[in-house]
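Right after this note come the structures.
Here come two complexes built around chain A, the first alongside chain B, the second alongside chain C.
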Partner chain A sequence: MLLWLFIGGVLLASLPGNAAEMRFPPPDFQTEYRIPDLYTPAPATTNGVFDALMLFAALCITTWLVFRARSRRGLFLMSIFSLAYFGFYRTGCICPVGSTQNVLAGIFVPDVGVSIVVLSFFVMPLLFSLFFGRVFCASVCPLGAIQELVAIAPIRISPALDRTLGLGRYLYLGLATVGVATGAGFLICRYDPFVGLYRLGHSYGMLLAGGVILLLGVFIARPYCRFLCPYGVLLGWMSRFSKWHLDIPPSPCVSCRLCENSCPYNAIDMPTPAHLVEDPIKGKRRLRYILFASPLIIAMGAVGGYSIYEPLSRVHPTVALSERVALEDLGRVQGDILESRTFRASEKTVETLHGEALGLRDVFKKAGAWLGGFMALIICLKLIELSTVPKREVYTPHKETCFSCGRCYPYCPVEPKRVAS
Partner chain B sequence: MSELTKLDRRDFMRGAAAVTFAGAAYAAVGDKTEGTVWQLDPNKCTQCGRCSTHCVLNPSAVKCMNQFNICGYCDLCFGYLQPGSRGRDTGAENQLCPTAAIKRTYIEDPYYEYVIDEERCIGCAKCVKACLVFGNASFYLQIRQDICINCNECSIAKACPSDSFSRVPASTPYIYLTGGVETTIPVRKGEEPQEKTVQHPA
Partner chain C sequence: MLEKREFEQSDFLYRLSLAVTVVSGFFSLIVFLLLVVNYMQIRAADPVNNEMITKMRQEYAALPEEDPALAQRIRDLDLLTRKAFFTTQTHLRVGAVMLLVGVSLFLIAFKYMMRWKRDLPKLAETPTAEKEFLAFAQSRQLIAWGGVGLLGVGMMTALLTEGAIYSTVDARILEAPPAATSAQNAATEAQAAASPEGIAKAIETPAWEAMELNWPTFRGPGSTGVAHFTSAPTQWDLAAGTGVKWKTETQLPGHNSPVVWENRLYFSGANETTREVYCYDTESGELVWKKTLDRFQGTPAEPPKVNEEAGFAAPSMAVHGKQVFAIFANGDLASYTAEGEFVWGLNIGLPDNHYGHASSLLAYGNLLYVQRDDNSKARLLAFDLATGKEAWEAERKTISWASPILARTSFGPQLILNSEATVDGYAPDTGKLLWSQECLGGEVAPSPAYGNGVVFAANEYATASLIKLNGTAEAIQPEIAWQYDSFLPEVSSPVLDGERVYFATSAGQLVALDTKAGTELWVEELAESFYSSPVLVGDKVFILGTEGKMYIVQAGSDFALLATLNVGEGTFATPAYLDGKIYLRSTGHLYCIESSHG
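Coming up: the complex of A and B.
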C-alpha cells in the first residue's frame, strides 16, 4: 500500500499543475464539523504619510540647529533620535538613500510606479540640500547618524586619498543605476551595511561588513558616507549650489586657524596659500589641456566600461545561472547548486535560458559603456576642480563635501562672542 | 529678512531647478500609487527551504498555510508524520515538523484536522514538500503580510531559485491554490487595519 502510494505520488508530482487534482477524496464529514477559513491578515500597514512628515520635521529641526542654534550638541542629540526612529523603529526602511532606486526604476522600468510617499522621501532631502546644504546628512539620515555616533577618535586622512576613495560614491551610484536599469536588482538595499543592525538580523557577510565599517568609522569618520553613499552624490550636487550653507564663524573670520584641524572630513577649505597662487596664463593653459583631453578620457572610459560587460553582467541572476548551467554541461564544474538544480527541474529549456542571458549581455554592453563614460566624466570634472585655484581669504566649508555636522562650531573663537551677544 | 524677499537671478534658477526637478521626477514615475507587497507564488515554489533562512526576520515572515478545502484530513498525513514513524500520534518523535508547529486534532473517524501554529512555523517547507509528493498538496508557503516588513528588495526573493517571489497589489496580498472542494476559498481577513495607506517602502 505504502509502496503503491509512493510510486503514485512520485508520478503525480512529476506532472505539472497537479494541484487541482486531489489524490485523496475530500472528506465527507458526518459530524457538525465545518472546514475552517484561511487566516489571511492584511498587510502590516505603516502610514507612509506620517513618516514623510517625520522626515520633513527632522529636516526642519536640523536646519534650525545648523543655522540658528548652531549647536553641535543639538545635532548630536538629533542624530540619536534619527537613529532610534528611522533606524531601529522603522527598521531602516523607508529611507531616502534606497528611494533613489525606486525613482530610477520608475524612470527605466516600464510599468513600475513610485508612490508619492517614496517620491517625497527622495525629493525632500535634495530640496533641503539645494537651499541649506547637506542638513539631511548632518543628523537625519540613519546611516549617517550611526557613523556619526561612533566617530570617537577621528583622524584626518590626506586629501588626495580622500578624493580618490570618494570616487567610490560615483561608482556605486553608477552601478546601482545599472542594477535597476538592467533588472539585476536593488544593489543599494542588498549591500546596505547597517540595515542588518536595525533589524537585528541579516546574512553573516553583511553583518560583518557593517561591523567593520563601524569599527573603521571610529577612526575614519563616516566611511560609508564619504566613500560609498550613492545618494550623497546627488546631495553634494545640490549642496554645491545651495543658497545658504553653514558658516564656520557666524561673523567675520579672524583667520585664527583654530578650526583647521577640527574637520575630520577634509571639508574645510583654507585660505589660498601664497605658493599656490600662480600665473593665470599657466593655469589657463593647464585648464585648456584638460578640457581638450576630456572627450578623449570620456571615450576611453566608455570603451573601458564596454569591455568589462562580461564580469559586469554576472550581477544579473539570469546571466549567472546561464553561466553556471553552461559550465556544468561542459563538465568544467562538478556537481550542481540549488539554482541550477531548480532550473533543470523546471520546464524552461537551456536554449531559452542562454538566449535570455545573451540578450542581457548586450544590455550590459550598453550599460557598461554608460557607466565607464560617467566615471570618466566625473574624473574630468574633479581634475578641472583641482586645477583651478579659487582665491579664498577665510576658512570656509566646502559646500559639496561638508556634512553640516557642526564639529567646527566649538573651535571658532568668534562663536562665544555671538552666543554672548 | 530682506535676503528672503529679494529674488535675484541665482535664486530664480534655484527655484526653477527645484520645480523642474520635482516635476520631472513626478512625471517620470507617474501616479501609479497603489502600494504593493511581496508574495510568493505557491505554484512556482520548489520547497528549497531558503524561506526559513534568508528572511531578514527571525523567524521568517514566510509561514506554511493549510488550505482546508484541498486537505484530505488524512490519518496518515505525510506532512505531519516523519517517514517511518512508529505511531500515528502526536508524539514528538513521530513529527516531521522541526518545531512541532502543526496541530493534529481528531475530528471523526478517519479524519484529522491539521492546523499550523504560525508562532512556531519557521517556513522550512518540509511539510509542504511531503504533502505535495504524497498527499493532496494542501500545504503551501505564503508570506504572512502582518509579519512581513516589506523590504525594498526582499532578501528571500533574491535567494529564491525558482523566481517565485514578486510584488503583488496590497489589496490582494495572497496567492491561493486553485481547486479543491469549493470554488470560492473561505478566508478570514483578520482585523481590518487602522490605516489604509500601504506604501512601497524605500
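Coming up: the complex of A and C.
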C-alpha cells in the first residue's frame, strides 16, 4: 500500500497544472523573441444563483434516493454527477465546507459580509440535515463523492479508534475558526486536499496529501469526512436532531444481524445486549465524576491552548513571513523564498513586520486558549455521551455519523421484500 | 432493481476483473517508475543553474570587452538546455496522463473484482453488538488518552519552539514604535542615551588636526600616503627579532591595513562564514576586544565569490576618534565604539564585482564614506556616523577597486576617487560631483595621490596622469599637466611629496617622477613585487614588498636606498607609521616596530 501511496503522490505531483512551479526566468541575452506582457485575466463569469439551485436540486434528488428509492446505485451515480459538476466543473468552489469560513468571517471580522449565495450554500445542507440526516454527505459533497468512489475494499476499524480519530474534525473546525478570527486566512480552503485534483494544479505537498488520502480511502473509507471534515461536525450536530433519517430496514427490523458489518463507517447503533447492561449506579457515578471534572479539564485545555500560541501563530502568513525573514537575517536558513524576496522589495521595514508579528502573537494567545478550551469541552461531551449508553432493541443508523450512503441497504433482507412490493 | 443482484457471484467476471487489475497495476507501476526517472532528469536538467552556462557567464562577465562569439555560444547552450528541459517536461505530462488512466483502470477493475466475489454476510459467534457495547469503555479510555496526547503534543511543541527565533534577533529589530506617554518618552530618551547609538552621538567628532596625529585610514590621514610624524625606525629585522616591541599572531585572514587612534589599533579578518573586528593595545600588543559580526538585514546567506588575492576582508577599517568602522566583501558594514560596544550595523548589498569588494573606508566630519562599486550600479555612499543612516548617495559611472582619498585643496576638502575611466572629485558634505577627468583605463586598483594642489592617478595597462585643479571653488577645472606610461602600478598606490611622485609596480620597479616636468627621475628594479603602498615619512619613502622586505629610500631626485629590512614573511598591507613606531601586519602576524627595542 505504501508503494501505491507513493505512486499516487508522484502521479499527482506530476500533473500538468503543477508545472507552474517549474517556471524560470527568461534568457539573459537579448534575442528576437519578445516575451509577452503580463496580464490579469478577467474573472470567470459565474452564476452563483444557478449553482445554489443545482445544490438544492442535488439535495432533493439525493433525499429522494435515500428515502424513497433507497437506491445505493442511484446514490453512487449521483456521487459521480456531484464530483463532475461541483468538483471538476465548478473546481470545488464554492462548496458548503468552505462556506463555513465565509460565515465565520461574517461573524468575527468587522465589515465583512456574506453573500446570499454563499449563505445558501452554508445553510441548505444544514437544513437538509436537520430534516433528513446527512444527505449532503451521501452524494452531493464533491469531497465526499470522490472518497466514496474510491472506497473499494473498505475495512471496519475499531469503533473506539474511529471515535478518537473523529476528534480531528473538531480540532480542524477549531483551527479554521481561529484562522478566520485572527485573519490568518481560510485554512479549510488552503489545506483542501482535493481541490488540486479538481483544478489539476496545486502545491506538491497538497497534491501529495490528496493522493495519500484517496489511496488510504480505498481501504479506510472516507478518511477526510470521518477524521477531518469541519463542516461534518455541524452537519452531524444538525443530523442528531433530524426529524426523519434513513432507516436500515424500510419496515420493522427483524434483528437478523446481517447488516452488523455492512457499514465501514461504524455508523450503525446495535441493540444493547441485555446481559451486558451496566449497573445504573456505576454508570451514574462515572457520569458524576466526569461532570465534576469537566470544568477542570476545560481549564487545563485552555491553559494548554494558550501555551501553544507561538507555534499556532505560524498559521498566520505575517507571522510565518516575519519568522522566515528573521531566520534569513540570522543566517539559519540558506537562500530566500518568494515571500521574503517580495517583502524585501517592498517599502515595508523589517521592524514593522516583526512588530505586526509580535502583535499577532498576542491575539493567538487568546485564540489558543479558546481552541484548547473548545477541544477539552468536546472531549468532556464525548466522555459524557459514552458514559450513558441508551438501551436499544434494533439496528439503527447513528444519526450523527451516518452518511446516508445506502451501503447497508443490500444487506437488509427486508429490502428485497420492499422492492418486490 | 439491480440491487437484487448485489451478492451475485461470477467466477468468470471475477477472473476477468482480476486480470485487468493485475495488468493495469503492472502498467501503472512501470509508468510510475519511468516517471520517477523522468522527474529526476527534470530536476537535474535545471537550465537556470546549469553549471557550464554559469561558468561561461562568469567568464563573459570577467571580459573587459564584449565577446559576441562567447555570447552566442552561451545562447546556444542555453537554448539547448531549455529544449531538453521542456522535452522532458512533456514526457512527464504524457506519463502523468498515462498513469492517471492506468490507475483509474486499476481502481475500476479492482472495484469489479471485489463486486463479483463479494463475501456474503457472516454472522460471528459473538454478535458484533456485544463487541460494540464493550467498545464504549475502550472509547472512553482512548478519547481520554487522546485528549492527554493532544495536550502533551501541544506542550511539547510549545516548549521546543519558545523563543526559537525572536529571542536571538537583534533586540533593536523587535522594538516596535511605542506610543509613549511623556513619562515613557523621558524613560525612552534616557534609554536612548545609554544605547550604543546614544553613545555614538555623544562621541565628539575629531578635527583634522587630531586625525593627522593618528593613522585613521588606509595610507594614513586622508588616505594620501603621507605620515604626519617624521620619525620611523629605520634599523630593524623582524625575522631576527630586532626592533620588535611586540609581536602577536593574527587570527582570521585579511589584507586590510591596520588603523590606529591613540593607544588602540584596529583591523579586521574574515573567511567565508565569519567576519571579525580586532582591537589591540598599541603599547602591549594585547587583544583588547574582538567582535564577530552578526548578520544584518540583507546579509547574503551565501558567501560572495571573491578573488583569492582579495579575500573576504580586503578593505581597511576606519577609525574616527572613539568610533571605528569595518566593511567586508559581503557588504556588511558595522560600527563599534573604541571600547567595543556595537553602535550600528547594516548590509549595503553584495557589491557585485569580479574581484570582490576592496575599497577601504574613510571617515571625515560626521560622515563615513563607502565606495560601493557594483558592476550594475557604482556609487559613493555617505553614512551618518552616529546612526548609520545614509546621508547621501552619488552615482559613479564605472567601478574600481581603489579607495577614496580626502584631499584638502585650496577649494576646500574634496573626496577624490579613481574609476575605470575617470578621476572624480566630490564635495564631502553633499556628494556633489565637483570635477571629473578622463585619464584612466583597465581594472583600476591603485588609489589616487594628492599633494600641493595636484592629483596623480595611474594604472597598469593605461597611463599615469598628473591633474592640476584650476578654476574656482564653484567651477573647478581639471587639467592634465602631463602623462607617463613607461612603468605603471597595478595594485600599489602612489604618493606625492609636492615635487615628486613615487610609486611601485607589481613587476618590482620603484619609480620617481618629477611633478613639474613629468620626467622620470629614477627607476629602480627591486627583487620583489609590490602590493603594499609607499608612504612618505619625513624625507624618506617606506615601501614594503610582497616577499617580506621593507625598502627605505631617500625622498629626492636621486635614488638612494637607505635600508633594506627583513620582515621574514609575506606582506600585502600598508603599515601604519606613527611617532617612532611602525605597526605592520604581515600575512600571519602583527608587529609593533620601535628602534629602541632589540
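Basically, the second predicted complex is superposed on the first by the 357 of 421 C-alpha atoms of A that agree within 3 Å, B and C clash if a C-alpha of one lies under 4 Å from a C-alpha of the other, contacts with A are read in each partner's own complex, and residues count from 1 in each chain.
Going forward, contacts are C-beta pairs under 8 Å (C-beta built on N, C-alpha and C of every residue); 3 or more make two chains touch, one makes a residue touch a chain.
Given the structure is predicted, the values throughout are model-derived calculations rather than measurements.
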| item | value |
| --- | --- |
| Touching partner for A:Ile107 - first (chain B), second (chain C), both, neither | first |
| Contacts of A:Phe292 with chain B and chain C, given as first, second, both or neither | neither |
| Which of chain B and chain C A:Tyr204 touches, first, second, both or neither | neither |
| Which of chain B and chain C A:Val150 touches, first, second, both or neither | second |
| Partner chain(s) touched by A:Leu386 [first = chain B, second = chain C, both, neither] | second |
| Chain B versus chain C as contact partner of A:Leu358, first or second or both or neither | second |
| First (chain B), second (chain C), both or neither touched by A:Gly305 | second |
| Residues of chain A at both interfaces, chain B in one complex, chain C in the other | 10, 13, 19, 22, 24-25, 27, 29, 31 |
| Chain B-facing residues of chain A, complex | 5-6, 9-10, 13, 17-27, 29-31, 33, 35-49, 91, 93-96, 98-99, 101-103, 106-107, 111-119, 121-123, 126-127, 130-131, 185-186, 189-190, 195-196, 199-203, 241, 243, 317, 338-339, 341-343, 345-346 |
| Partner chain A, residues of chain C touching it in the complex | 1-4, 6-7, 28-29, 32, 35-36, 39, 42, 46-48, 57, 71, 74-75, 78-79, 82, 89, 92-93, 95-96, 99-100, 103, 107, 110-111, 114, 121-124, 127-130, 132-136, 138-147, 150-151, 154-155, 157-158, 161-162, 165-166, 168-169, 173-177, 294-299, 301-302 |
| Sites on chain B touched by chain A in the complex | 10-11, 14, 17-18, 21-22, 25-26, 28-35, 37, 42-43, 46, 48, 50, 54, 56-58, 65, 67-74, 107-108, 111, 113, 115, 118, 132-137, 144-153, 155, 158, 161-162, 170, 173-174, 176-181, 185-202 |
| Footprint of chain C on chain A - complex, ascending | 3, 7-8, 10-11, 13-16, 19, 22, 24-25, 27-29, 31, 71-73, 150, 152-153, 158-161, 163-164, 167, 171, 218, 257-262, 270-273, 276, 297, 300-301, 304-305, 307-311, 323, 326-336, 344, 350-351, 354-355, 358-359, 372, 375-376, 379, 382-383, 386-387, 389, 409-411, 415-416, 419 |
